[in-house]
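The chains carry the letters A, B and C, assigned in the order they are written, with residues numbered from 1 in each.
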Amino acid sequence: MKKNQLLEKIIHGVFLILGLITVGCVLLITVYLVISGLPAIQKIGLTDFLFGTKWASTASDPKYGILPFILTSIYGTAGAIVIGVPIGFLTAVYLSKIASPRVKSAMQTVVSILAGIPSVVYGLVGMLVLVPGIQVIFGVADGASLLAAIIVLAIMILPSIIKMSITALDAVPKEYEDASLALGATPIETYFKVSVPAAKSGIAASVVLGVGRAIGEAMAVMMVAGNVPNMPNSLFQSVRFLTTAVSSEMAYSSGLQQQALFSIALVLFFFIMLINATLNFFLKREKE
Amino acid sequence: MLNESLSKKRKTYELVMKGLMYVAVFSTAALALFLLIYVLVKGIPNISWELLTTSPSYISQKIGILPDILNTIYIVIATLVIVLPLGVGAAIYLTEYATNKKIVAIIEYAAETLSGIPSIIYGLVGMLLFSNNMGTCLMAGALTLVIMNLPTIMRTTQESLKTVPQSYREGAFGLGAGKWRVIRTVVLPGCVDGVITGCILSVGRILGESAALLFTAGFAHALNGFVQGLSSPGATLTVALYVYAKEQGEFGVAFAIASILMVLTVVINFAANLVQKHFAKRRSS
Amino acid sequence: MNNIVTVKDMNLWYGDHQALHDIKIEIPEKSITAFIGPSGCGKSTFLKSLNRMNDLIPDVKITGDICYEGKDIYQKDVDVNSLRKEIGMVFQKPNPFPMSIYDNVAYGPRTHGITNKAQLDEIVEQALRDAALWDEVKDRLKKNALSMSGGQQQRLCIARALAVQPKILLMDEPTSALDPISTSRIEELVMQLKEKYTIVMVTHNMQQAVRVSDYTAFFLLGELVEFGKTDDIFSVPKDKRTEDYITGRFG
């Protein structure tokens, strides 16, 4: 009997440890990023680092200003949201409220496949279709630009936005819609004036999720944005995002340069944490 | 009075919204279709038996992706073997053992946080944590992927555990079985579907992953056996696609790999649906 | 007294299942008509045919005439949205929109094109007064409607329906989800409303029908068994089945 109790206790302990692994991972990631990200910020100075407009890590007098990356990430994400959200949102309303069950399930499969396509495939197609396309249409020297990245990101966030918005819209009680119809509103008026406002927390959460996806995407952006550390002054400029800043120099960096890359990752991590907190806020409200 | 139709303003609104929705749905569908067809048309002609069964050779100037295929399989196996016990164990802790609501909330919050972290950050941390200690190798990549996929396995297992009726557990406890025995005999068999679904989703994610692997598993194309492979650097298909396209301009090979990945994405999607439907049916019957 | 709704030879099918058989009824203006009968008897289905809410259910087929002010409402040239503006509806469960009290009431008029703020304010106040809710909510019109009590929510739904100035108000068991005190407030309100509106009300509660209605229609198995003055129906029912039902011989 004693032996059995001991065994149960040990097993309980093992499961507890397994349960706490996720917490350990989060702590580990946070600690590692902070420890490896802080030294460069200390050496360069927080303001020079965050608001410096010039990044020249390999110059004889190296400059480590990451404002171009921060702004590029913000503009790129904002652009992707501006294009992706309306398309995703309207698609979700149609699929949730109007489409026949068959169309809905077929389109949901399509959306899942879009979500499953690896980002390098988006990057590859972007490289060979979008970049030359922008070059020709807008007559610019190099199509690898902020605009190309925005379009690729807009496409990549579509599935998250559509899926999450559909879930939110499907959950709107039918009674609300009946009441609106009984007042003489048309179905379309009902969907946009009653169902959508009723699902607004979930839809907001889908947008925040999209922001997280867009700001964290690296490979596809790496392949289409030109990857030059310019200030993002125009849509047609080759630019570098926070994510691509980390990856593009990591392979050959060392010393302060490498430390600075870790600091960029820390900044990115900070953004992501902020977005996660916002997402949780909306999800909680949606539940209520 | 009753045949008075909608005012002009309302009619316009109706028309505009309907039009916009059609445009949106059509663009989404057309986009997916275009991507699928474009990649397949550009890729399939470049797939040859030789490509699939050889290694790249500088002497014959030919590219083969067999090492990348094998690396992908190795890393999938290694990741799943490690992540499954961890993820399933964590899920069992949450649903069967945890009584403290705070701990549950913290664990769940941690899992959500993990699934929100972008892969490039995983790549960086994996490099610091694993590659800097054990060298750039598939194993380092697999360990990184383990952390990334932990929330997925946890979530799907948890969901299926929740559907195991409480009465089963009570029945087993009533017979005097210890907790561990109840878990082994009643709870674990009940979460098979969650584990399978989790595996399929994870395989999909591993197949698509590149940013997290670039600096942890590297991008070599050497032909290795399983054990040897895990301890040496190697590119998965997705990483190889990136390297061939971005660094070497070998678009033919890149599209060949892309079309393979595309087909796998579709297959995985249907497999996940099938599994979910199958188990949903079995449960309701 | 004029009949505002006249129904003749009306049949309704859900797919292959016939839910209403040869309904014939004439509903008098500015009165309260109650539909009673056991659940599944078709009374709610019939109520919902009067403002074509059944259109939303696939596979519904309706034959016969349902005329509102002499016009067949199922004719092609009838605009269903104008119809529902004329014939409003209040549902079983209070279903205010998750918006402010004001926006709830203003929803209908706004939908029908009223954007002038002063005009909206006036309509909202009048509707809330008519629904006997104004004094309770006039200081918190911007508060979310879901923060109100169940009875208040139902009166808000009535106000919302009144705000588009309908002629008829259809009520589908409007008090079944409410406590007795809220129920009696709604009943009082309904009796006041008949000065301006025609009210048709489905109820599962026979006492309520006796207390409130002027006319009663008894439905059974998709048939309209008997229709007449409420006093007559409950004191001298002509049909044996009506008598059995009102004396509680079946449920």
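Assume a residue touches a chain if its C-beta (ideal position, glycine included) is under 8 Å from a C-beta of that chain, and two chains touch if they have at least 3 such contacts.
The shown structure was predicted, so the numbers you read here are calculated from the model rather than taken from an experiment.
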item	value
Chain-level touch network, classified as line, ring, star, complete or other	complete
Chain occupying the most central position, where position means C-alpha average	A
Chain pair with the higher count of C-beta pairs in contact (A-C, A-B)	A-B
Distance between chain centroids, defined by C-alpha means - chain B, chain C (Å)	53
Whole-Å separation of chain centres (CA-atom averages), chain A against chain B	17
Whole-Å gap between the CA centroids of chain A and chain C	49
Chain A residues counted as touching two or more neighbouring chains	186, 189
Residues within chain C bordering two or more other chains	81-83, 111-112
Contacts with 2+ other chains: residues of chain B	6, 10
Parts of chain C lying in touch with chain B, wherever the complex brings them together	68-69, 71, 73, 77-79, 81-83, 86, 111-113
List of chain B residues in touch with chain C within their complex	1-7, 9-10
Chain C-touching residues of chain A, taken from the complex the two chains share	173, 175-176, 178-186, 189, 193-194, 197-198
Residues of chain C that touch chain A when the two form their complex	51, 53, 56, 81-85, 88-89, 91, 93, 95-99, 107-108, 111-112, 157, 160-161, 164
Chain B contact footprint on chain A (complex, rising order)	4, 7-8, 11-12, 14-16, 18-23, 25-26, 28-29, 32-33, 36, 86-91, 93-95, 98-99, 107, 109-114, 116-125, 127-129, 155, 158, 162, 186, 188-189, 192, 212, 215-219, 222-223, 243, 246-247, 250-251, 261-262, 265, 268-269, 272-273, 275-276, 279-280
